[in-house]
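Multiple structures are listed underneath, in structure tokens.
Both complexes below contain subunit A, partnered by subunit B and then by subunit C.
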Partner chain A sequence: MSGVLRAARANPALAAALLLGLLLLAVCLLATVWTPHAPGRINMRLRFAPPSDVHWLGTDHFGRDLASMMMRGARNTVAIALSGVLAGAVPGVAVGIWAAARQGLAGRAVMRVVDFLIAFPAVLAAVVVAAVMGPGLGTAVVAIAVASVPVFARLARVAALEVLARDFVAASRAAGRGEGWILVSHVLPNIAGLVLVQAASQLAVAALIEAGLSFLGLGMQPPEPSLGRMLADSQTHLSRAPQLALYPGALLALIVLCFSMLGDGLRDALDPRGRA
Partner chain B sequence: MQIARRTMLLLGAAALAAPRALAQPRDSLVVGNPVEPPHLDPTTHVAGSIREVVYANLYQGLTLIDEQGQPYPCLAERWDVSPDNLAYTFHLRRGVTFHDGRPFTSADVVFTLDRARGPQSTNANKRLFETIASVEATGPHTVRVTLSRPVGSFLYDMGSADAAIVSEATAATNTTNPIGTGPFRFVRWVRGDRVELDRYPQYWGEAPRIARVTFRFISDAQAQAAALRSGDVHVFPTFGAPELFEELRRDPNFEVLLGLTEGEVILAMNHRRRPLNDVRVRRAVTHALDRQAINEGAVGGYGRLIGTHYPPHYPDALDLTGMYPHDVNRARALLREAGVGSGFQARLILPPFPYARRAGEIVQAMLAEVGIRATIQVYQGPQWLSEVFRPPYDYDFTIIAHTEPFDFPNYARPDWYIGWENQAYRDLIERWFRAVDPAERSALAQQAQRMLAEECVAGFLFQLPKTGVQRRGLTGMWRNSPVQANDVTRAAWS
Partner chain C sequence: MLRIVAERLLGFLVALLATAVAAFVLLDIVPGDPALNMLGTEAREDTLAAARALLGLDRPAHERLLIWLAGLPFGEFGVSFRYRVPIADLVAEAAAVTVPLAMLAMALAVCTALPLALVSVLRPRGAVDWAVGLLSQLSLAVPNFWLGLLLILLFSISLGWLPAGGFPGWSGGIWPALSALLLPAVALAAPQAGILARVARAALLETLAEPYIRTARAKGLSRAAVLFRHALRNALPPVVTVAGVQFSVMLAGSIIVENLFVLPGLGRLTFQAIQQNDLILVRNTVLLLAAAVMLVNMLVDIAYAAIDPRLRAR
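Coming up: the complex of A and B.
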């Protein structure tokens, strides 16, 4: 942690990303317990209200408070992205390490499957999952996880192979340590940094997948707000109320940018070769 | 940086694809419908999406219904009616052939009507044929139909899509390869995308000006707007995004046609389930609904509010919208009285029509105000029909427009998806069916309207407006929709 702080001081982009990330996180946590108005509350008498001290950003085509919907929508996007990436990273890393330890036919076969999956566009994979499971919160998480597994599997395998070739692994083997112990005690800690960097970048992809699915009506269902659905709903109102698309779009871009910068910054901070 | 690159590529691709030449071939027409039909035989299926493609274009009846809702002679050139109104002798048009080349004769009429009223019939509107006592061919081009009792609407009924004349040779395969006598014949059906029809060269009547008509299926309102603007679709007879009307009206490329339909949009409640079988709960639901707000949000306020199941533009329609007005406190009190004061969980299943999805989101919020926690699920057309509209009737609430003319008797059907058990209403409908005197029919219909409203059999929302948008220069499309159909036989580019 102190290493990250030191790196942040040396790397202003990472510092900015961290600051932005903390701010977004605070908003998301706040949105869980409080929003200025109930986010799904419809009031047809207040359609397209301009910004005021009651409705900070105005209201949408159903008279819902835009600021509240964006806060809750951002919370949902971030929560789904986090859960999805976590749900993809755990099995992905496990498969990758397992395949690295097992150089035989089984390991190679698994990695061919992973290669095939990685060639499959992530959003398309997500749409297939959504078609099978039906729309909803679970679908978005599973879709992101499915899209993330191959990414983490490939990364973990390459990194694990490198670690397994090192001298201290050979020493452990000579000392009679079992394969499982080596994987958990040597390989895992040594690839953790890389996985973290990948996870941050993957979060950016995940946030876009979530927004995409919601945009298509396959993600979070009403009345729970979602940035993607706000964008979809705003389309036919563009000429009258462009802010309905502009604000959620900008917020989504900010979230993606934040995750992306976090990934880049962490890579610079954690990669010993990058530091040179 | 991978993301940024991908985004740029996508943006680039979109920019390249955007401005397409808006060339309009003068003799082809692309019609946009919201829902793809389950199959293409209207005589064995209730789906309106079938009628929106084939009615009058591909299949014809003894009569057909025109834009004013009046029947006119079609395959029957003329008819004689016996003085007791029981026997109809139809003189059939000569020189008519089906699209497979077979000549049309009285045998086809006998087959069609016997099939529709027979014990094996899967016709969605069997009641239209129940009063037929016998059908006999008295010559190759004359048919006598005898009724068991006078039916005031018989010639109208024969013009419905349910009574489309089909040939025995192709009846079994009409679902996928429809063969009719209309001015357009079937070419191909690309599942999930479109149905194509071509002008039938041997058509008996006046040839249509359009040589090829393509029906494309686009349910999403935004996608409809995009298809219209890009020129991919020339006309949406029921356009799903009414908030764009003002803008489209100002656009010299488009024309907006606002009219009436026979579609009552209702919030159906499943009477087979607790607690919706309790009239107090249904009244609470009705009190929870702000119809005007739903009308605005769902169809831009272009619909007309209804308080019962009857088109408000009929002369004998009663305005019952004030019977259970929007009153959240009254709704809560009724729920308490019914023993569900803390509200309940429910499933609101929506068909994919834009009006239903929009109304659904608003209704969900209104139900939440009084403590009814409804979760929304959007089904595709066939799934909605097979799970909600037919057994197992697996839903609590759903939103749908019932587009058939004079369909309020359906509430008397024990096998209907609503599941309302009310003997008094059934007796009333039986009397209405038998009544011939117009004044008596009106009085009975008004009694039925009142009964449906008092019992809050459903949440009656608004009359679906006909919201057509088309490219300027297209003529001959219907402004009103007295039957669910897109009759393109008179369409032309000027």
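Coming up: the complex of A and C.
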């Protein structure tokens, strides 16, 4: 933790990303317990209300409070992105480490499949998942996990191979430690930092997948707000109420930007040689 | 070179077959009875039986898979249940929108990314370099459907220069069709241009550090001549690889952008088929998009070998 703080002092972009991340996290946590208004409440007499003391950013085409919808929508996007990346990272890292330990035909075959899956566009995979599972929260999480598994598998394999070639692993082997013990006690802790950095970058991709699926109506379903669906709904009222497209989109872009800057900054902090 | 081409072609065919089988299992066997899926649980038994007979669903699954696979090389994809026309016709019509869209987007991405990379390596870490870096970081964070909305807001609603959506078809002349594709192409291209500019910048910087660049400068060539004649050419392989992957991402990304701009392409066809539970059509359009992705990746691999003689020798 102190390492991250030191790195943040040396790298203003990372410091900005950390601050922004904390701010967004606070808003998301707050949205879980409190929003200015109930986010799904419809009030047809208050359609397209301008910003005021009561409705900070105004209301949408159903008279719903825009600020509340955005807060809850951001919370949903971040929560789904986190769950999906976690659900993809765990099996991905396991597969990668396993393939690194097993250099034979099976390990190589698995990595060929991983290489093939990485080249497969995430949007297309997400749409297939949606076609099989039907729209919903689970679909978004699974779609993100499916897109994340090969990314983590490839990273974990490369990193694990490097650790397995070190002297302390040879020493452990000589001391009679089993392959499983070495993988868990030596390899896993030594690649954890890299996995974390990749997870931050992958969160940016995940937020985009979630928003894209909700935009198509295949992600989280109403009345639960989602930024993607708000943007899709805004299209019909674009000339009358452009703010319905501007604010939610800007918030979504901010979330994605925060994750990708966090990933880049942490990567630099972890490996100063990689700094371009 | 011939061996590389043969190897890649074989790999492509194997991957294609594997994808087709996976698509069939996921979109035909896993969801269960396709006729029931499409007609709903309230459909009458004789309606279901008629639908099954029409679509050949009365055969066992492995037979249907074999019939489908055998028809693929001849463009016989089956019949769409909703549209009641051969899927090949639907797909051909849609591809006439999606492929030009992706090509236009790719051209836009390359034509912005390369000049930006060139001006930013003229003075690394200078103000221009910094601005280009910020721009590419921003373009990566902006979701393409939000950018699309912003473009509609500016160019269609405020300025009224370009249509906000819809497609007039190619029969009405090239300009109306191109102007309908321009905004969606920009929305598709922006994030890819950001990535491409980063890759090109890194590749150029690496090449500029090579000894032969110093030699070229020492023999009296100008900075510009070195940059264009030596550095750009040697920095191309990674740029081509990334651009190839991006072309396939754009083909797949059309699912979202075509829906935003109401373009009757492969992406919108796939999306509507999902909404209407026409899983036979989904299976075919997904396979087609995947095949296009894999085909592009194969061509990039081959092009890579053609550009870089070291890869050929191996």
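Couple of notes before you dig in:
One rule holds in what follows: the second predicted complex is superposed on the first by the 271 of 276 C-alpha atoms of A that agree within 3 Å, B and C clash if a C-alpha of one lies under 4 Å from a C-alpha of the other, contacts with A are read in each partner's own complex, and residues count from 1 in each chain.
Methods note: a contact is a pair of C-beta atoms (placed from the backbone, for glycine too) under 8 Å apart; a residue touches a chain by one contact, two chains touch by 3 or more.
What you see is a predicted model; the values in this text were computed from it and never measured.
Of the two partner chains placed by the overlay, subunit B and subunit C both lie in contact with A:Gln235. A count of residues in subunit A touched by subunit B and by subunit C gives the higher number to C. In the superposed model, A:Leu124 lies in contact with subunit C only, and not with subunit B. With both structures placed on the common chain, the touch criterion links A:Gly249 to subunit C but leaves subunit B unconnected.
When the two structures are aligned on the shared chain, A:Ser260 is found in touch with subunit B and with subunit C. When both complexes are overlaid on chain A, the residue A:Pro223 reaches subunit B alone and has no touch with subunit C.
Judged by the touch definition given at the top, the superposed model places A:His61 against subunit B, while subunit C stays out of reach.
Of the two partner chains, subunit B is the only one touched by A:Met44; subunit C is not. Once the two complexes are overlaid on the shared chain, A:Val33 sits clear of subunit B and of subunit C alike. Within subunit A, the residues touching subunit B in one complex and subunit C in the other are 204, 208, 217, 232, 235, 239, 256, 260. Those residues of subunit C whose C-beta lies close enough to touch subunit A in the complex are 15, 23, 26-27, 30-31, 137-138, 140-143, 145-146, 149-150, 152-153, 157, 164, 202, 205, 245, 248-249, 251-253, 255-256, 259-260, 270-271, 274-275, 279, 282, 286, 289-290, 293-294, 297. Partner subunit B is touched in their complex by these residues of subunit A: 40-42, 44-45, 47, 61-62, 134-135, 201, 204-205, 208, 217, 221-223, 232, 235-237, 239-240, 256, 260, 264. Of all residues in subunit B, only 1-4, 220-222, 225, 241, 243-244, 247, 290, 292-293, 296-297, 361-362, 364-366, 368, 375-378 touch subunit A in the complex they form. For subunit A in complex with subunit C, the touching residues are 116, 119-121, 123-124, 127-128, 130-132, 204, 208, 211-212, 215-218, 228, 231-232, 234-235, 238-239, 242, 245-246, 249, 252-254, 256-257, 260-261, 276.
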